[in-house]
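Given below, in the form of structure tokens, are the structures.
The two complexes that follow have subunit A in common; it is paired with subunit B in the first and with subunit C in the second.
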Partner chain A sequence: MLWQLLPQAVLDGLLIGGVYITVALGFSLAFGVKHIIDFAVGEWIMLGAFLGYYLQGWTGLDPLLLLPVVFAVFTAVGYAIQPVIHRAVSGRRGNPVLMGLVFTFGLMLAIRGAGLTVFGFFSHSIPSVMSARSWFLEAGGLFVTVPAIRLVGFVYAIGITAVLHWVLRHTDFGLAVRALAQNRDAAGLMGINARRISSWVYGIHVGVSAMTGVVIGSIFSISAQMGGDYTILAFFVVVLAGMGYLAGVPWAAFLLGLVQSLFLVYGNPSYTLLAVFAILYLILLVSPRGLFAKGV
Partner chain B sequence: MRRSRALWAGITAVVFAVIPLLTRDTFALRVVTEAMMWIGLAVAWDVLGGYTGYLNFGHGAFFGLGAYTTAVLMMRGHWPFALALAAGGVLAGAAAVVAGLPTLRLKGAYFAIATWALARAVQQLALVLEFTGGPDGMRLPPFLNPQFFYYLMWALVSVIFVVLWILLEHSAFGLKLQAIREDEEGAMALGLKPTTIKIQAFVLSTVPAGILGGVYAYWITFIDPASVLGDLVTDQSVVMAVFGGLGTLVGPAVGAVLIYAFKTFFWAYLSEYQVLYLIILGTVIALSVVFLPDGLIGLLTGRGRAEAPRSPEPADENPPELREAAP
Partner chain C sequence: MRRVVAFTLCAVLGTSPAWAQADRNYFKVGVITSLSGDLATGGNVTKRGYDLWAKAVNEAGGIEVNGKRYPVKLYYADAQSEPSQGASGAERLATQQEVDFVLGPYSSGVTLAVAPVLEKYKIPMITGSAESPLIWRQKFAYTFGTIPPVNYTGSQPVGALAGLAPKPRTAIVLGSNDAFSKATAEAFKTAAEAHGIKVLKFNIVPSGQDLIPLLSAAKVLRPDVIAFGGHDEELINLVKALRQINYTPKALLMHYGVTEPAFVEALGKDAEEVFGASVWTPTLPTRGDLLWADARAYAEAAQKEYGVPADYTQAGCSAAGIAFQAAAARAGVTPPLDEGEKRALRDALEALDIETFYGRIDFADRGEFYHANTGLEALTVQIQGRRPVITAPAEFAEAPARYPTTPWNDRR
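Take a look at the complex of A and B:
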């Protein structure tokens, strides 16, 4: 029977769920602090992936070594864009948060169009030395294959999550970010430069997303159209977790990864997105503020 | 002022009515027909997006739902066009209730995300289902009468516009929507039921989209998931409404005409650069949000100028939800 496939399906789900953490982490952070829904999150992933692709072609280095460069470049991009977003959300309209939404929606369209123009419609991959390797485990008549690059992706995701957690909990910067998320006015009165911190937060979001794009490129493939798929993944994870509730993101990401990989093995792959959507719908009906009811 | 506006609307309607009598050029007729369709779509989007402040990023899904319902009922069920069209509108409205029930209870961010995801799910569904023809799409019986479709579109869009005008500008319903947009809790305190009203607005916004989708399907005679359920319908409706002026009826209509005219020229003369169109759409949306928060119509009526110089002091970082704390 198919139950022999179960360990492999669960392992795949967990490994890929790990990557989904980083797809959604920056997004959730940006929402928690700035109340910005970033429709462009998938496009940042796409742009990061292509920067990694070209840098690799240019330098010949392993993509995993290029991660810090991609992070630095896109943190700068995010830092620079944040003031414009701020301007969009500080208009006098009844619901300025929604203007931020429209703004990032426009940003998404523009980046996607630019990506299609510059990068074309072809798919690429960013092979790492780890891409070809895998380990084969056997225990009690059950077999699992652990592709090295997926394990690397998982470790990367856990690492980023741990670093971000440490920064938020144990540094002055993290304290300022949390203060800002709690109460902007009070944070300002305590001498926190809201503008600069916001720019950093958006910068980190863009940087982490772009870096994740490179990792995704060395696991799967990249194309200029890939952005939308990852935006929707980020949405799913964040809504499941509860909007702005960072601690829920890893669990939601694992759940999503598991659902996907189990559906791939035991269900019809073309219905995967629909199944995920149905689950999300039910959760929104039962517990509108995410799995843990901690969302905004 | 009010009477002159009604006069202008009447003149516009009459001008559109006589256009087919003046030209025999089927291309021109086609362009104007589609322009009217976009007016309808943009104005309908604005019911929820502009008046109520809830952004529907899945407008195209309801358009496509109407198109597919009409096509499936006509081809598989052999229904007459008028009935199938009505069914498309009803189904789009029902889908709005189903989608809105869990999401419209929450803040607008959830709704925006959910509708965007819904559009993808619906497109995926049309791709995998048997009776929709999957990726091959569907062909409808050709009914090659441009005049018929012109007048049908004209009549439908006029009805949509007038109905929305009455409901949004001349009845309490429009005020309720705006109350929810400006301050949902305040509206609740006044005894309004925001969720119910928002769902009503959602239905009011999606039924026209579904009906227009049905007409489009019969008119173009071929639909597939990429054309009627793709992102472009949503993208264009949003940019038309935002660029024209949110929260008005004339604004989105003007935006629709301008953006559609631009698109027609662009695709006619620069057809090999179609993806550039996405860049332009995106840039127009983003720039209008930053520089023209009230759209073109805001510029014309002077509202835009009064609001342009914003945030003189650098410390103005208050998120809107904290602003009410200030006296």
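Take a look at the complex of A and C:
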């Protein structure tokens, strides 16, 4: 019986990891380029989820079809906010990383408070046609159930990762982003408009996070208080991947997903989080710069 | 000039000058609840219950003591869903606001942290929404609760399920890792075993944990009943996870949260036929001597005020206010309450036995349920037609239980 459960446990772990990728991807990108630890990431997820919820109610369309709209709206929001963050972390202020952290922490509190006031305190759900579908596969005494909405989340995560990777590696914009991440002053001397590129990067981070909120709302419930958990999750994944090392995010996310899933099935579920933290600490003890020793 | 200086100092320190306290002709009522954090949903539901009571009692002129009416004024402390913040809030209400009595927190964990602080200051508290038996085993002299503990209410729905045909033979019991949810899961497990239902799996999981791996593993065991102890968001996520893996047990049982309006709103047809435990619904036959004549009258007032149906937590919180109202009248205490009057109020609460729109309020004065309300009947409810309907016990049943539950894909 235990052996029979393994394929399902591995699949569930990978699907959970898919959700974690999307939560952490934008966060890692923003840190890699701007060196901002964005404590508001969970709130962008929450705001995106609520925009998806209301848009779905008004239009009747499936939330997955609304992802481009949510991305466009929140990319614009992130683009507009970035100059304010830039002002908070630059100039004569010392320790820009700390200033960025404090600023986004304040942003998080403000958005969460406003969210509770505007959206209320009840939980909601974003219904998708995919939430009601699943496939049951059986072969050689082994079987798995594949929930359609989780598979969509996984494909979405891989898709976003692939697109971001392609943009960073194969476009002029991506070259500028990488140059900025390596050496801001030298990039400026090469004619790169640092402020504009930074605004686009933060905009993309906010847009991707907001889209993730819609996907999360189709899988789980949403509420004005949901952001905190996802901020912590993003932070863990990014630390494990190596701060600012974008390519490490999917592997770190899959590792965390698999540890949780296997421990829930084969270990004592009460200690799942303890197991996750223990593995995280052990890896950081051995490799303080993350799984691949390529973080900051 | 001295008075101006004294007022300024008191304003800075957040206290009232002694002569202002002595002249006070209204009750200062502390309200500790979670208005933010993970438990904000339940916390705000309790606030609605307390606010509705305060509004109703003030519209009636206040609490009547010896023929004279004294209005009430609420002083809030946000526990932020953290027991430590709840304890700090209790300290502030006791020392700075100098409240006469306290309407207690949402969640058992916060109540367990707040109760010893109020015990120290000898301030009576009634919690309208804490259900862990751990609270009552501590035998706090000044803490009371209008909702019975889960080991008192949780066994009713399991017994009701055991009486259905075909009788469920196996169950999986899960609980979230907090005081209330753990106690609920333990109550379900104990009751299941007592009724001959074999518990195949019993797990306490971290709060907010994605349960899909555990449920996928549970699906292989094909349990007749899945019972879960958790809070609102966790219950919604559990139903969504079961829907995603397309497993419909014969009965899906939860406790608090099923009767919350958000549960039905978020899940729609997937909320149908989920069983829950409750002690009150808007249709329960009750009669009240104070403020609301019966459950229906309260439900109408709540619907008018907030635009959503009231659940048993909100009603239990309003009933906590009524219990204080009745006890203050019987003890003959008038604001501001000194230590002796607070003790008299506590004694009156212990001796209280009244009928309200919520049902009977009778705080136990001994035993394992010490100071919990044991005057209520535990009810089994099931979501039918998008609202909680009582299915057991027989004398209160509004409709028969729908069992075995309809498979997810056959629901309309």
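Here, the second predicted complex is superposed on the first by the 290 of 296 C-alpha atoms of A that agree within 3 Å, B and C clash if a C-alpha of one lies under 4 Å from a C-alpha of the other, contacts with A are read in each partner's own complex, and residues count from 1 in each chain.
Assume contacts are C-beta pairs under 8 Å (C-beta built on N, C-alpha and C of every residue); 3 or more make two chains touch, one makes a residue touch a chain.
Keep in mind that what you see is a predicted model, and the values were worked out from it rather than measured.
Colleague: Put subunit B and subunit C onto subunit A via the superposition and say whether they clash or fit.
Modeller: clash
Colleague: After the superposition on A, what does A:A76 contact: first (subunit B), second (subunit C), both or neither?
Modeller: After superposing on A, A:A76 lies clear of both subunit B and subunit C.
Colleague: Looking at the overlay, what does A:L273 touch: subunit B (first), subunit C (second), both, or neither?
Modeller: A:L273: touches subunit B and subunit C.
Colleague: By residue count, is subunit A touched more by subunit B or by subunit C?
Modeller: Partner with more touched residues of subunit A: B.
Colleague: Of the two partner chains, subunit B (first) and subunit C (second), which one does A:L116 touch, if any: first, second, both, or neither?
Modeller: A:L116 contacts both subunit B and subunit C.
Colleague: Just subunit B (first), just subunit C (second), both, or neither: which does A:N183 touch?
Modeller: Only subunit B is touched by A:N183; subunit C is not.
Colleague: Applying the touch criterion given at the start, work out whether A:A293 contacts subunit B, subunit C, both or neither, answering first, second, both or neither.
Modeller: neither
Colleague: Tell me which partner A:F236 touches in the superposition: subunit B (first), subunit C (second), both or neither.
Modeller: The answer is first: A:F236 touches subunit B but not subunit C.
Colleague: On the A-aligned overlay, A:S261 touches which partner chain: subunit B = first, subunit C = second, or both, or neither?
Modeller: second
Colleague: Tell me the contact category for A:L65 with respect to subunit B and subunit C: first, second, both or neither.
Modeller: Neither partner.
Colleague: Going by the clash criterion at the top, which of the stretches 73-81, 91-99, 163-171 or 217-225 from subunit B hits subunit C after superposition?
Modeller: Given the superposition on chain A, subunit B and subunit C clash at 217-225.
Colleague: Per the definitions at the top, what is the overlap between the subunit A residues touching subunit B and those touching subunit C?
Modeller: 112-113, 116, 228, 268, 270, 273
Colleague: Can you list the subunit C residues touching subunit A in their complex?
Modeller: Interface residues on the subunit C side: 36-38, 40-41, 43-45, 177, 203-206, 208-214, 216-217, 219-220, 232-233, 236-237, 240, 243-246, 260-262, 265-268, 408-409.
Colleague: Which of the residues in subunit A end up touching subunit B in this complex?
Modeller: Going through subunit A, the ones touching subunit B are 31, 35, 37, 39, 84, 86-99, 101-103, 105-114, 116-117, 183-185, 188, 194-195, 198, 228, 232, 235-236, 239, 243, 268, 270-271, 273-274, 277, 280-281, 284-285, 288-289, 296.
Colleague: Going by the contact rule set out above, which residues of subunit B touch subunit A in the complex?
Modeller: Listed in rising order, the residues of subunit B that touch subunit A are 53-55, 57, 101-103, 105-110, 112-114, 116-118, 120-121, 124-125, 127-128, 178, 181-183, 231, 235, 238-239, 242, 246, 273, 275-287, 289-290, 293, 307, 310-311, 314-322, 325.
Colleague: Within their complex, state which residues of subunit A touch subunit C.
Modeller: My answer: residues 1, 4-5, 8-9, 12-13, 15-16, 112-113, 116, 121-125, 127, 131-132, 134, 136, 145, 147-150, 219-221, 223-226, 228-229, 260-262, 264-265, 268-270, 272-273.
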